[in-house]
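You will see two complexes here that share chain A, one where it goes with chain B and one where it goes with chain C.
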Partner chain A sequence: MKVDSGFLHTLHLGGEFDANLCMNCGTCTALCPLGIELMPRKLFRRVLLGDKESVVGQSETIFSCLLCRMCESNCPAGIHIAENVRSLRTYLNHEVYGLAEA
Partner chain B sequence: MPVPIQSTLGMLGDNLKKRHSALPIGRKAAIGWTRGLDIPRGGETVLYTGQMWQMVPAINAMAGRLAKYEKSGSTRLFGFARSMNKLVNLTPFLARSTPAERKAFDDRLRNIARLLQAAGVKFGYLYEKDLYSGALAYDEGLDENFSAHARYVYGVLKEAGVKRLITVDPHTTNMLRSVYPKHVPGFDFEVRSYLEVLAEHTLPTRKSLDRSATIHDSCVYARYEGVLEPPRKLLAGSGVALAEPELSGKLTFCCGGPLETLFPSKSHEIATKRVEQLKAVSPKVITACPLCLANLSRAAPADVDVKDISDYLAEAHLPAEA
Partner chain C sequence: MTGRRIGVVVCQCGGNISDYVDTEKVRREIEKEGDVAVAKVEMFACSDAAQQATIQDIKDKKLDGVVVCSCSPKLHTATFRAMASRAGLNPYEYTQVNLREQCSWAHTHDKDAATEKGIKLVRAGVAKTRLSEPLTRIRVDTVPQAVVIGAGVAGLRSALALSDLGISVHLVEKSSKAGGQVARWGTLFPNDRTGSELVDRLVHEVSSRENIVLYLNSELVGKEGRVGDFTVKIRTGTADTITLEVGAIVVATGFDPYTPKQGEFGFGLPGVITLPEFKELLAQHPNPIVYQGRPIRSVAYVYCVGSRGPTNEEGNHTYCSRYCCSATSHLATVVSGLDPSVRQFHLFRDIRTYGKYEHLYETALRRGSVYLRFTEEDPPTVARDTGGLVVKVHDRLLAGEEVEIRPDLVVLVTGMVARENDALTRALKIPVGQDGFYREVHVKLRPVETVVDGVFIVGAAQGPKNVAESVQSALASVSKSAALLMKGYVDLDPLVARVDPSLCVWCDECTKACPYGAISEVEYGDKHVAEVNSVLCKGEGACVPVCPKQAVSVRGYTNEQILSMIDALAKEAA
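Moving on, here comes the complex of A and B:
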């Protein structure tokens, strides 16, 4: 795994990525209507670790989240999961797809 | 082969920037529903549709087309389509709907406006200035496109002298009530869903429906905006006995609608799952969002009747339209 120390910094510029309080309980994964095993706890852990390459490699998963907030409403740590996913989309649109122009 | 994310979102962003809509549908399709309703132009309180209901027939047509592309694998044309779309609006070719489909959705807007009129609520309409909220661009993380569009909408509302907005779908309600104030300095309009407004008024009763049905809460109304009681109160007042599905209220299960554009097959899978859950309680399903209505209807078998809440309210409280 290659750690990119600037990854989280760039993400913060786009939005408020907040997953530090995640205790990896798995409630989110268990409740996801899509049954996405990676989302959101494992993915967020990779983000916090600065594993940019593996996060970018999961762009399809990131864009397939329904933003339905089933996980978020039941998260015991109160993490703003949907907003975090949106931050990742904004990052991908900027840094990978070149869709930043207004 | 999946629908290409980059080109599809690129087209969405380009449309919002150039044409102030995710799916530019043309003036007639956007405001044709108002015919004969005598809704005054403008005013301090306006019914704001954000074109959501009007766009659904086009979204349906496009979703069908994208699902075919997804299956056939002929998605390489998307890059070309995006570059052409910058010059000529390709939407009418990508998203061609029929007059019957458009009428079915326009009728819901007519019913909503007529219900508000019947309840004695005074409101106007902005007609061609009733613009899309940019919800999809926001959800997909196209933040620059979204922010520029939101500021544009704010300018239009201020110039029209609007103070209060009555919205007709959960997505526009959420955008204008909870998202715009964070992105547009000075955005201070009062925003309420028509369900919240109607629930505070007395509607004339024409007939009690005396039937049972189940309700599908929209994720956005239930978990983003906390609109849970108004639809239940209105349905009870119309003589509908609600049987709640196992996953209901704050625990509602998504209709799959948000994935229609990029992942049509997954979207259909989720909708099918949700229809099964609802069918277990009642064959009559009531939605309160145009996207939930469209997505669940597509997945519903013939013996499941999916209708919008406004269909029930109109039947109970309004005379039939000639």
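Moving on, here comes the complex of A and C:
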């Protein structure tokens, strides 16, 4: 994968995305009722590394999240997972689907 | 039989010895030797209980010599000499036999032969003790002054603390400015003070002390004498050489930052710099962050450059440089403080922000730094193409997938290496470890002492250290120096050479052999003979084999003792 610094910039400056303290434990993935292997751990790593291509490619997964916060309430690093998923959705809406902010 | 009454203790060392040497058999054999009044086996001869029992034997059985057969004399000679003293026996009537390093550990494959050898070693120890004599330690007055070499944080802090105790200090700095390297680094971890602020305060304090003399552009070029009473020669800035009398010498000569080889992680390419270079750049021009006219929007740090390699060969030091994980994580927070939009990628092997520095790593993460872990076998690559710098690394958290980063700047997190200081090392005769840094006597128990009594090593001269650790070792050396200098005297080992003037014909051979200049010519009746200055003599015995008349011998290791030991070793088992 290639680091896309434009992507990192937009997310960092525009969104609230924050998963820097994620320790990659996998608790979130194990607890997710949807059982989506990518969510949220691997997806977040790709976001942090600026893997725009793969994040955009996973937009369906990102939109399938229930925002139930099962993961978030058990995350030992206190990551605001649901907020992060929201900010990714906002990014996709703006940058990929060309939707204006409501 | 000589009429001596010798006690022998055979130590099992909790199995270290007795697993391979039949200690009971050794005891039985040695008991049969003449002059052995008592022979015992102990589980741990150095334990309080065993020492107490030995003391009791010395008193009850009126022993006049003791042999403990245990570990290396380096470890416990002092322990058992002290034990002998407590029992009222002269400590030089004590002999240590090394049954562990020189016997059980060396011959684990053949217990019978190890036991045979053990018996012989103990016999030799008994033979030496038969000829031992009571000796008194040599008392020398100490000079209440110290010389500190190197005026970095470690040297400055040593000088101030010695001065606090009323000990006069000569502070010798090779360069034209006191302060060492810290002044170059700008903001320091962990408390965000600048390095120049820190050293300016110390230098100012030093200059206000009446009992500290600072010599700039100066070097130590010679050392004579011994602990408590050294004579050192200093070549000063004005190129004349002065002579000083000092009781202790503190070596605080610091380190050098590692310089990568051409091509090592792209070193030499435009945009690839070292951590010291980046620190200096930020210290001088903090905002905006610009390198060679170009604004810096993203940085990739490559950790452990020059450290933690597989061997100690050039550019491949096996040690961890300690300061760099903390310094780099801290630096990342400084950078994000200046410009939060700068993207920072840390390519690391392990993060060692140990102890109280862990928060530096966490803060760097919080402020947006991304850490990617690589292995020693699979390091990142740094190259340059038409689009600029390209860094490739396999990210462990993406199951080894290759990540390609195009940073504006690559910073090589270079470690610390020993500073080239051969002339000083030769003048002081202090040992250097495999890693090139000055070597202490014992890493844990005697971390600032060297094998040369009265010469101490502090700060990064002894090994990689941050400022706090450098100061800690500086202060440790001050307490060791003070213990030496404030008592007013030191007691030296009396195991020194002596000349029998009736045999000496003054041929001058011993004088030439002695590396310490301890032998001189004196009148004796109507002839001239050699005489040993027992304060200068180190008892190393270079004079002994060169004497054609066998007139010189070293106390505690006399020719008679050595010959009797050889006879004992050669004696066949009964």
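Methods note: the second predicted complex is superposed on the first by the 98 of 102 C-alpha atoms of A that agree within 3 Å, B and C clash if a C-alpha of one lies under 4 Å from a C-alpha of the other, contacts with A are read in each partner's own complex, and residues count from 1 in each chain.
Everything that follows uses one rule, which is that a contact is a pair of C-beta atoms (placed from the backbone, for glycine too) under 8 Å apart; a residue touches a chain by one contact, two chains touch by 3 or more.
Values in this document were obtained by computation on a predicted structure and should not be read as measured data.
Colleague: Kindly say whether there is room for both chain B and chain C on chain A in the superposition, answering fit or clash.
Modeller: Fit - chain B and chain C, as placed by superposing on chain A, sit side by side.
Colleague: Using C-alpha centres in the superposed arrangement, which angle lies between chain B and chain C as seen from chain A, in steps of 10 degrees?
Modeller: Once the structures are overlaid on A, chain A sees chain B and chain C at 140 degrees.
Colleague: Look at A:Ser5 in the shared chain and tell me whether it touches chain B only, chain C only, both, or neither; answer first, second, both or neither.
Modeller: It touches chain C, and chain B stays clear.
Colleague: Check the contacts made with chain A and report whether chain B or chain C touches more of its residues.
Modeller: Result: the larger residue contact count on chain A belongs to B.
Colleague: For A:Leu48, using the defined touch cut-off, is the partner it touches chain B, chain C, both, or neither? Pick first, second, both or neither.
Modeller: It touches chain C, and chain B stays clear.
Colleague: If you stack the two complexes on chain A, which partner ends up touching A:Ala30: first (chain B), second (chain C), both, or neither?
Modeller: Neither partner.
Colleague: Which partner chains sit in contact with A:Leu21 here, chain B, chain C, both or neither? Use first/second/both/neither.
Modeller: After superposing on A, A:Leu21 lies in contact with chain C but is clear of chain B.
Colleague: Once the shared chain is lined up, is A:Ser64 touching chain B (first), chain C (second), both, or neither of them?
Modeller: first
Colleague: Once the shared chain is lined up, is A:Tyr97 touching chain B (first), chain C (second), both, or neither of them?
Modeller: A:Tyr97 sits against chain B, while chain C stays out of touch.
Colleague: Aligned on chain A, what is the least Cα gap between chain B and chain C? Give it in whole Å.
Modeller: It comes out at 22 Å between the closest C-alpha atoms.
Colleague: Report, in rising order, the residues of chain A that make contact with chain B in one complex and with chain C in the other.
Modeller: In the superposed arrangement, which is not itself an observed complex, chain A uses no residue for both chain B and chain C.
Colleague: Residue numbers of chain A touching chain C in their complex, please.
Modeller: Result: residues 1-3, 5, 8-9, 12-13, 20-21, 24, 42, 45-46, 48-50 of chain A touch chain C.
Colleague: Which residues, counting only chain A, touch chain B once they are in their complex?
Modeller: 14-15, 33-34, 59-60, 63-64, 66-70, 72-73, 86-93, 97-102
Colleague: Which of the residues in chain C come into contact with chain A in the complex?
Modeller: Residues in contact with chain A: 297-298, 341, 343, 345, 362, 365-370, 372, 395, 397-398, 401-406.
Colleague: Under the touch definition given earlier, write down the residues of chain B that touch chain A in their complex.
Modeller: Chain B residues touching chain A: 2, 5-6, 9-10, 13, 17, 138-145, 147-148, 219, 223-224, 250-251, 253-254, 256, 258-259, 262-263, 266, 270, 273.
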